[in-house]
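There are two complexes below, and they share chain A, which is joined by chain B in the first and by chain C in the second.
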Partner chain A sequence: MRSSPGSRGLLIILLFSMSLFAKSQESTLIAVGNQSGAPAAMKLSELRAVLMGEKQRWKNGNRIIIALMKTNTSVGKTTSARIYEMSGDELNKFWLALVFQGKAQPPYFFNSTSDLENFVAQNPGAIGILDKPITDHEIKAIMIDGQKTF
Partner chain B sequence: MKGISFLICISCFVFLSHESCAQDTQIKGFIGVLTTYDKNKVSFGFDEQDLFITSVINDRVSLLGESVFKYTPSTPTEFSVSIERVIIKYNIQGNHNLILGKVHTPLNYWNDSYHHGRVFYPTIDRPLLFAANIIPLHTVGIGVQGFDLGKLRFGYDLFVGNGLGSTEILDNDKNKSVTVAIHIKPADRLRLGVSWYYDVIAKGASVHNKIINWKVNQHLFSASVSRFGKKLEILAESTAGINHTDTTGSKTTFASYIYTGYKVTDKIIPYLRFDNINYQRGEIYYDKNNTTSIVAGIRYEINYLAVVKLEYQYQHSEFSDNINKVTGQFAIGF
Partner chain C sequence: MVINLKTRIWLTVFSIVLLFTFFTLFYFPAQQRKLLIKNYNTEVQNLANSVALAVNIAITDQNYNNLGSTIKLVKDDPRLQFVSMVQYDTVWSNDHRNFQVKKMIFKTFPENEHPEPDVQSNNSIIVKRGAFNTPVISGVILLAFTTKEINESQRKIRFASLIVSGIVLFIGILLGLLLAKKISIPILALRDAAKRVGNGDLTQRVNNRSGDEIGELANAFNTMVDDLSLARKELHETNVSLSSANQTLNNTLGELKSTQTQLIQSEKMASLGELTAGIAHEIQNPLNFVNNFSEVNKELIDEIEHELNAGNKEGVISIIRDLKKNEEKIIQHGKRADAIVKGMLQHSRSTSGVKELTDINVLANEYTRLSYHGLRAKDKTFNAVIQTDFDKTIQKINIVPQDMGRVLLNLLTNAFYSVNQKKKHHEKGYEPTVSVSTKKIYDKIEIRIKDNGMGIQHKVLGKIYQPFFTTKPPGQGTGLGLSISYDIIKAHAGEIKVETKEGEFAEFIILLPYN
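And now, the complex of A and B:
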């Protein structure tokens, strides 16, 4: 049975889309923190609670400051889906509502991972999410469930 | 003397708290435009314009202010400005905060969650119990709150305020209102809450533009369930308002609503809301007018800052004309 050029094109597009989807599912995340505040290791459930604004302070008393990539970046999309189990829009609405209720301080959102790394390095208590190994050695990678990536 | 000592303590907390971050102030707002079809005519209008400001003053102190500009036909300019919330928050420890200022009384999920942000409302208007003044929307005073404590993510609000009949800067009597609210979040997107509010409303007090001719002891008991799942949305709240006067004894009013919506897609949510207010015979503090309403609508969430809603409402009241209307709203955050 021979397929038409149109259906072959469709198949290629479909396979390409599936590979992109699979890639986004496979992409890993890394939690990073300022040298002061965030612990060296956390459970994924603890990380989720922190990033959902359910904790205001670290054990050493530092205020928790959340740094995320913008929800329209690929890291931001993966962070929204993997950690918050939300779409980017849902995540933005979630935070706007929480801030409006006076229950939390909003995260800082960044366009570039280097800006996020710099921010985390400069702010005690800051925690952020990246998709690649850190380049700024003033910040620390946080082990999640005993793994460097999750 | 005790009051002065307390104020000195708070001042010390504020000024001695460790400053580790620069001030960070943000201004945001909400507004919506409306169109209604009622009594065989179409009208256009707009909702109140809500501005809210958040500011991190230092490591422990933050501010939230909410001001509303709205159409008020009784004023010379036909508009008025009101301060809806002024909250100075001091983080005592962990997830425990001291709250000072004017708050939306935290006895009701809707009142404590959506405030004046129309873009957050699951329906176009607030439930009927708001317009019927069943609950005190605001309280000026002092309180403590905690949240996300333990595995059940327990939260609490304890608030003492001037109470009904007071102005924004002065209590009208010696009695203070007390609000106690607790909630748990036993699963993601699920919240269960109960609350109690107590106040003594002095004889001669002006409440909701009405002079109260009797001393009223008021107890409000509220309960709420909210579950905004990935597909199904449910929000149900009920308040029992018990008003006691020497002449009428205790009279109980039940005010409830249930909202449910279903996400057909991420952006399209058809919904229903049913409201019911039932006053006991002999109620004299509330304006007795047993009312039932049903709302059926559809919400289209363009994004998190822009929402379009279209809904039909039928309302039947004991002493008012029935309402049959269609309303459209375009609400935005900015």
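And now, the complex of A and C:
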């Protein structure tokens, strides 16, 4: 089947639009935290340090509990790429190494954002990454570099 | 070297205790170590498997909680030497035809440990592997635990065993000594008592009131000594009684011997009496000749004196010639009498016991005549036919003539006595006959003396050679004739037997070796 020049142009536009949409999806990450422990604002570098297990406790003494979406989810993939700058497998190996050596508390991975939100809400010191505005008002959004999304 | 009972018991107990100590000190700790190591291996393997499973779950489900808790459990274990994650990577060749599995230590805790991927267990560590396989990473968990705890446990066990062994050894030695003492003392007392009893002291008793086997042994020993004492007393009494009886028997034996000597002497004298009568008859003839010729010579001397007075010289010479003939007759018969007397003397002499070559025919003939005339001297009415049949081919044989003459005299006297008795009690027409014969049979000489007298009763046949057995009325026989004859024949290595039929005949058969 041979396509006409018009339809080919339409396809290109569609693909570009999807790419733009995906790009917009990746870029909308939100850091959330339990009302107790996590600060209201952080720098991105601080967030990275926390999420990579380099920091174990918040300033108020609460233990940092990391909550992430599984790497097979789009949020998980975005999180791996944007924050950890790793693929999903690399992230797994990264955490495997840390946990195996006992250097960090293992993160909790979730299949749905609602589960993640619930978890963060129920565990003081918990911090998580989402891709949409929070629905659970028991948790707070953490400003990263002065912005709600990053 | 003799080991006494006490030492033997002690050694036995000590050996058992020593053996037990050996087991406690070496065998049991070794077994315990084996068990510990086995359990330890299992435990470490289970932990390695748990870590590997937790890794699988962590990667596949992105659930690290299990791994975190498991690894914490491992890390908190003081026995941990290291735990490593070995990553297996498949490395393909450039043409993608061959590959090799590359083992690489991914992570290790603690970080200062740097084990090789192929590290194995040794004396100081136990290494176990748990495999994991995920889409992200595959490999094994190397879990190494030190054996210090096992060694420490074993050391503690050995120490405890040493203490226990020492206590057991001490108790065993004490027990052995007590046991040896408890067993040996009564037994040694029994031994000493038995020795004294053996030496004749029957007053010994063992005082042991225990109800065990040794007590029973002591009771049995005491009973035995009681019985022995009683038996000895009875034996002593019996000995005294026997000694008395023996003395009586000795006295009786002495008397019997004396009586036997007297009887033998009587037998000898009776035999001599028989002979004397025969000899007297034998001597009577020559004496008659001597007396008669002496009377004639006396008359002839008177005639010589008368003729000398008459001056008849020729008559004197004729009478002297007759006188000389008569003297020769006197000398001849005198010599005969002399020979008879010498024979009598020879018979009356005690036997020399020396064998000499003897003409058995002459001896048999001589004693036949002597015994016959001996009987006739006592009973003038007795007559018997004497039949002789001597084998002239028999040479002189080596015998003691006096002894063999006595045998013949005994048998012949019995034969003549038997026919005489029968003649006295039987009908007329009975002709008493005694036959004597000799015969050479191969290497033996057979002498048969047969009479047709009373014969011998069957019931007494077995007794006739017994000393003092006689069928003659009291005073007429000593009962030693056949007994002595039997002994003499046996002394000549011969045989004597009898064939008889009661009321018809009796025949004694003597067999003597022919030189």
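Operating definition for what follows: the second predicted complex is superposed on the first by the 125 of 150 C-alpha atoms of A that agree within 3 Å, B and C clash if a C-alpha of one lies under 4 Å from a C-alpha of the other, contacts with A are read in each partner's own complex, and residues count from 1 in each chain.
Heads up, the rule we're going with is that a contact is a pair of C-beta atoms (placed from the backbone, for glycine too) under 8 Å apart; a residue touches a chain by one contact, two chains touch by 3 or more.
Keep in mind the model is a prediction, meaning the values are calculated, not measured.
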Three-chain arrangement built on chain A, chain B and chain C clash or fit: clash
Touching partner for A:Leu29 - first (chain B), second (chain C), both, neither: neither
Touched partner set for A:Pro124, first chain B, second chain C, both or neither: first
Contacts of A:Arg57 with chain B and chain C, given as first, second, both or neither: first
Contacts of A:Phe109 with chain B and chain C, given as first, second, both or neither: second
Chain B versus chain C as contact partner of A:Leu44, first or second or both or neither: neither
Contacts of A:Lys70 with chain B and chain C, given as first, second, both or neither: second
Which superposed partner A:Gln101 touches (first chain B, second chain C, both, neither): both
Chain C versus chain B, contacts on chain A by residue: B
Offending stretch of chain C which, after superposing on A, collides with chain B (from 133-141, 151-159 or 313-321): 133-141
On chain A, positions contacted by chain B and by chain C: 89, 92-93, 96-97, 99-102, 105-106
Touching residues (chain side chain A, partner chain B) in the complex: 49, 54-57, 62-63, 65, 85, 87, 89-90, 92-93, 96-97, 99-103, 105-106, 123-125
Contacting residues of chain A [partner chain C, same complex]: 70-71, 89, 92-93, 95-97, 99-102, 105-109
Touching residues on chain C, where the partner in the complex is chain A: 55, 58-59, 62-65, 67-68, 71-72, 75, 83, 85, 106-109, 111, 135-137
For the chain B and chain A complex, residues of the former touching the latter: 20-21, 26, 28, 52, 54, 56, 59-60, 62, 64, 85, 87, 89, 91, 93-95, 112-113, 115, 117, 120, 147-148, 153, 188, 266, 301, 303-305, 333
